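You will see two complexes here that share chain A, one where it goes with chain B and one where it goes with chain C.
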Partner chain A sequence: MKKDFILATFEDDRHVLAATKKARDKNMPIFDIYTPFPVHGLDEAMGIKRSILPYVTLVAGAMGLLIAIALQVYTNAIDWPIIVGGKPFNSIPAFVPISFELTVLFGAHTTVAAFLALNKLYPGKQPHIFHPEQTCHTFIMAFEKNSVNAEEVSQLVKEFGAVEVKEESADVK
Partner chain B sequence: MAEHVSKLRQPLVPEDRTYKQMSEDVLDTLERKPTKAWLAGFSISVLFLTIGLIVIGYQIATGIGVWGLNKTIGWSWDITNFVFCVGIGHAGTLISAILLIFRQRWRTAINRAAEAMTIFAVACAGLFPLIHMGRPWLAYFVFPYPNTLGPLWVNFKSPLLWDVFAISTYLTVSLVFWYMGLLPDLATVRDRTKSKFRKAIYGALSFGWNGSTRTWHHFEVLSLILAGLATPLVLSVHTIVSFDFATSVIPGWHTTIFPPYFVAGAIFSGFGMVLTLLIITRKVMNWENYITVGHVEAMCKVIILTGTMVGLAYGTEFFIAWYSGNPYERYAFVNRAFGPYWWAYWTMISCNVISPQFFWFKKLRRNMTFVFIITIFVNIGMWFERFVIITTSLHRDFLPSSWAMYSPTWVEIWTFIGTFGLFFTLFFLFIRLLPGIAVAEVKSVKRYGQKGDKPVNVIA
Partner chain C sequence: METEIKNYELSGGVQKTSMALIAVGIVAMIASFVINPTVGWVDFLVNTIYFVLVALSGIFFLAVTGVMQASWITPYKRIPEAMTKFLPIGFVFMLATYFGLHTIYEWTHTEVVLNDPILKEKTPYLNETFYMIRMVVIFAIWILLGKKLLSLSKDQDANPEKDLQHSIMKTSAIGLILFGLTISFAAFDWIMSVEPHWFSTIFGVYIFAGMFVTGISFTTLSVIKLREWGYMQGIISDDHLHDLGKWMFGISVFWAYIWISQYLLIWYANIPEETEYYVMRHHHWNGIFFFNLAINFLAPFVLLMSRGAKRNAGRLKLVACILMVGHFIDLYLMVAPKVFEHHNASVVGFGIIQFLSWLGFFGLFILVVAKSLSKMNLIPKGDPNLDEGLHLHQ
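What follows is the complex of A and B.
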C-alpha cells in the first residue's frame, strides 16, 4: 500500500542527529531515518524501543544447553551405555564441552534468524530505496505526511541543515 | 591531514575523506577489471589448489597408507596442519569479537578481511580430518543421528567428537557473523553500481538492506550478542583442540597447561597470518589510509604479548616436566630439545619466542618490510610448534624397540600446499568480489581522534 512521505536529505550525521532530537522534543513522529552507517545515539534520539534480541539469545541458548544435555545423557547412559575410559555412563564433566558448543550454536543462529525476521530481511528482497545514496553518504529522514504538519517539518529540518526536502509516495515494506 | 585533538587518540583514518570518497576508495575495485597482479596471484593459487585436489583424490583412492606414518607415529603432518589452520583462524574472531567487546574501534578497518581469513582457514582445517578418515563419504558418521546400526551413537566422551562440535559451531557462527556484517556494505555496492548484473547479484545478496535506523539498532545489538558468544567460543575451540592431546596419557601431551597455551599460540599465529596478508593487501589495494601503520603496530603488540605467553608456556612445561620427577615426562622434553628432532624444536623457539621480541622497538614495529619478514617467521614457527608437540612426543614411545622416525611423503607435502592454494584462492576471490573493508563501520569512526569527534547538539 502506498503512503505519502516527506523526505529530508542531510549530508552530515551530526545534523541529522540534532534534527532528530529537536523533532522528538516537538513530538513530531518520525517514520524512519536511513543512514549509511550506524549513527551513534540516533536510535535513542528517535525513541526506538530496546531490541528484544538478547531475550531470544537467552531462550535459544538455554534450549541448546538442554538439548545437548538430553542428547548426551540419553545416548550414552540410557539408549546404549558403554564404558569408555573407565568413566561412568553418565559422565557429566565429559559432557561439558559439547553442552557449551550447542548453547552457542543454538544461541547464535536463532538470534541471526530472529534479526532477519524482525527486520523482514531475506535473500533477494527488493527494498524501497528513497535515495540511491542513502547507503553511501546521505542521510534521509522520513516523515509520514498525514501524521505531521508539512510546513513545520520543512522549517525544522532546514534549520538543522537539510539540503533538500521533498515529498514522495512509496510502498515501504 | 586533519587536526588532532589528542596525542593519545590518533585518528583512525589519517587522511580526511568524505563518506562518498570512503565508499569509492574501498568499493571501486569491485567495479574495475582485475589487475595483472591479482590475475597472477589468483592463477598461481588455483594451480596449487588443482594440484592439491588431484593429490587428495589420489590418496583417497589409494588409501592413506601413502602417507609417511608408521605404527609408532600415527599422527603427524595431517594433525599438525589441522591445528595450524584452526589456529590461524583465531585472530579473525579475536579482532571481530573480542576487540568489539573491548570497544577497540581500530578493529573496524581490519575485521572484515581478518574474519574472512578465519572462515577460509577453518574450511582448510576441516579438510584434514576429512581426508584422515580415509572414507570421507562416511563423514556423516561423526554426527549423532538416529540410525539402524544398534542404534550406534558417537562417543560423547571423546575429545575428537568434541572437536567435531567445536569446529562446526565455530565455522558456522563465524560465517553468519561475517555475513551479517557484510549486509550494509553489499547494499552500498548494490546502490552504487551501474551494472545491471552486479545490481541484481548484490541486490539478492544484501537481503534488502536499506539502512533504516530501526534495522541498525537491531544490527548493533546483534553484533554485540554474536561477539559475546564468539568470544568464549573461540577460546573453547582451541581448548578443545588441545584436549585432543591433553586428555591422552602420552608423555609430553598429558598436561593441564595445554588449553591456555594453545589459545595463546593460536592468537599469536593468527595475528602473524593476518599481518602477512594485510601488509600486502593494503599496498596492493591502496588501502594505506584505512589499514594504517598504526593498525600494523597495534597488531605487532598483540604478537609480542602472545609470543611471550607462548614462550612462558614452553618454559613452564619444561620446568614442570623436570619438577614432576616423572622420568618419562622428563625424557619426552629432553628428547624434544636435544633428540633427533632438535632442529624442529629450536626452529620453533627462535621463530616464536625470539623473533617477536624485536617488536619492543617502535621503529621496527612501524617498518612494514621488517614486520612482514617477522610474520613469516611467526607462521613458520607456529607450524613447527604443532609438529614438535605431535611428532616428537610420539616418535620415542614406551618401548625402545618401537622407536621410529617420521618424514612426510610427497603426498602429504602437496596436500598441505594444496590447502594453501584453497586458502589463497578463496582470499583472492573475496578481495575481488566482496567489500574487503567494512566501509560502513569505518565511516562511523571517521572522526575518531579528530576535531568534531564530540556529538554536536545544535548547529548554528
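What follows is the complex of A and C.
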C-alpha cells in the first residue's frame, strides 16, 4: 500500500542532526532518516530504542550451553558409557571446550539470523530508494504526510539548511 | 576547553589514606613474620610480584597503544604512565626477597638439589647467581622502557610541533617484544620455580592475563576516582567507562580461557609430574581453588554482562575491587601451597593477615601513582590522537 511522504534533502550531516533534534523537541514524528554513512548521535536524536538483539544472543547462547551439556552427558554417560583416558563418564573439564563452542555457535548464528529478521532483510530484497544520491552524499529525512503538518515541516527543515523539500508516495514499510 | 583542564594535585586525603594503609600493611607484615617467617616471606613475595605486575601493565598498555596508534586510551594515558613509576620501588623489594630465597625456593638448597637428579640437571639455569642476574636484567629492561616511553610522551607535551609518533611506535614495537620475553622469564623464575619439578609452558601467558586484568582494573578505578574528585570533567564520558568495562569483562574471560587451557591439558594428560600442582591445590586448598574461579571469572562475567553495568561507575568500581583482590588470591594460590608444604607449616589458606598486607602495598602503590600523576599534565595535550580519543562515540 502506498503512503505519502514528505522528503527533506540535506547535504550536511550536522544539519540533519540539528533538524532531527528540533523535530523531536516539537514532537514531529520522523518516519526515517536515510544517510550514506552512520551519523554519530543520530540514533539518540531520533529516540530509537535499543535493539533486543543482545537478549536474543543471551537466550540463544544459554540454549547452546544447555544443549551441549545435555548432549555430552547423554552420549558419554547414559547412552553409550565408555571410559576415555581413565576419566569418569561425566568429566566436567572435558565438557568445557564443547560447551563453550556450542554456546558461541548458537549465540552467533542466532544473532545473525535475528539481526536480518529485525531489520527485515532477506536475500533479493529490493530496498526503496527515495533519492538516487542518498547512498552517496545526501541525507534524506522522511516524514509521513498524514502524521505531520506539511507547512511546519517544510519551515523547520529549511531553517536547518534543507536544500529541497518534496512530496512523494511510495510503498515503504 | 583547553584552559579549563585542571591538573591533578595530590590531596591530603589521599596522602593520609595511603599512609594509614601503609601503616596497616607494615603491622600485618611484621605480624606475619613474627607468626611464621615462612608466611612472612610468602606474603612479601606475592605482594611484591603482584604490584610489580600492575606497574608492568602500564608499560604494556603504553607500548601496545603506541604501536597501534590507538586513541581510546589517550584521555587517561597518564594513569598507566604513573603506574610504571612503581617499578624502581618494586625492584628494591624484589632484591630484598634475596634474603628469603632459601625459605621460598627449594632449588636454592644444595643438599636437596644434590639428591635430586631432576633438579641437578636444572642447575645451569636454576642457581642463585643466574637467578639474580636475570632479575636485574628483567627490571633494567622494564625500568628503561618505562623511562623512555614517559620521556617521549613528556617531550610530546612540551614540543607539540615535533613529530614523535614515529619514535614512540618504534620504542613500543621493540618494547613489546622485550615485554613478551621478560614477562615469561619473570613468571618462570619468580613463581613457577617455587615448584621446580613442575612446568607449564603456558605459565607466562597465564601471568600476563592476570596482569592485564589487574592493570585495567586499577586504571578503571583511578579514572572513576579522578572523575569523582572533579578532575577530567567533560573529558571522561560514559562511553569511555563503557570501553574500560568491556576490557575488564573481556580480559576476565581471557584469563579464564588461559586458566582452563592450563588445567585441561594437565588433567587430560595425567602425567604425575604435571598433575602434582593441581593435586596439591585440590587437596588442602580446594575451597580457595574454586573461589579463585568464582571471583575472577563468574563475578565479572555476571556483574558486567549488560550494557548498563559497563556504563555504571559504581558497578565498575565494585568489579574492579573484586578483580584486584581476586587476582591477589590467584597469585597467592600459585606460591603458597608448595612453600607451606615444604616447611610443614600448618597454615593453610588465605586469611585476613594476607589481605591486610596487600592493603599496605596497595597504599604504597596509590601513593606512588598519585605523586607521579601530580607531577604530570593530567591530559596528554601533545598527543596527536587525543582529539579522537576525546570524541569517543559508540
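We take it that the second predicted complex is superposed on the first by the 172 of 173 C-alpha atoms of A that agree within 3 Å, B and C clash if a C-alpha of one lies under 4 Å from a C-alpha of the other, contacts with A are read in each partner's own complex, and residues count from 1 in each chain.
Simple rule for what comes next: a contact is a pair of C-beta atoms (placed from the backbone, for glycine too) under 8 Å apart; a residue touches a chain by one contact, two chains touch by 3 or more.
Quick caveat, the model's predicted, so the values are computed rather than measured.
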| item | value |
| --- | --- |
| Clash-or-fit label for the pair chain B, chain C on chain A | clash |
| Partner touching more residues of chain A, whether chain B or chain C | B |
| Chain B versus chain C as contact partner of A:102, first or second or both or neither | first |
| First (chain B), second (chain C), both or neither touched by A:94 | both |
| First, second, both or neither for A:41, with chain B first and chain C second | both |
| Chain B versus chain C as contact partner of A:86, first or second or both or neither | second |
| First (chain B), second (chain C), both or neither touched by A:54 | both |
| Which of chain B and chain C A:121 touches, first, second, both or neither | first |
| Stretch in clash, chain C with chain B, out of 79-87, 133-141 or 169-177 | 169-177 |
| Residues of chain A contacting chain B in one complex and chain C in the other | 40-41, 50, 54, 85, 87, 94, 97 |
| Of all residues in chain B, those that touch chain A in their complex | 18-20, 23, 144, 150-159, 161-162, 165-166, 168-169, 172-173, 176-177, 180, 183-184, 187-188, 190-192, 203-205, 207-222, 225-226, 229-230, 232-233, 236, 239-240, 243, 440-441, 443-444, 452, 455-459 |
| Residues of chain A touching chain C in the complex | 40-41, 50, 54, 58, 85-87, 93-94, 96-97 |
| Touching residues (chain side chain C, partner chain A) in the complex | 260, 263-264, 267-268, 270, 305-307, 393 |
| Contacting residues of chain A [partner chain B, same complex] | 14-15, 17-18, 21, 32-43, 46, 48, 50-51, 53-54, 57, 61, 71-72, 75-76, 79-80, 82, 84-85, 87, 91, 94-95, 97-98, 100-102, 104-105, 107-109, 111-112, 115-116, 118-129, 132-137, 160-161, 173 |
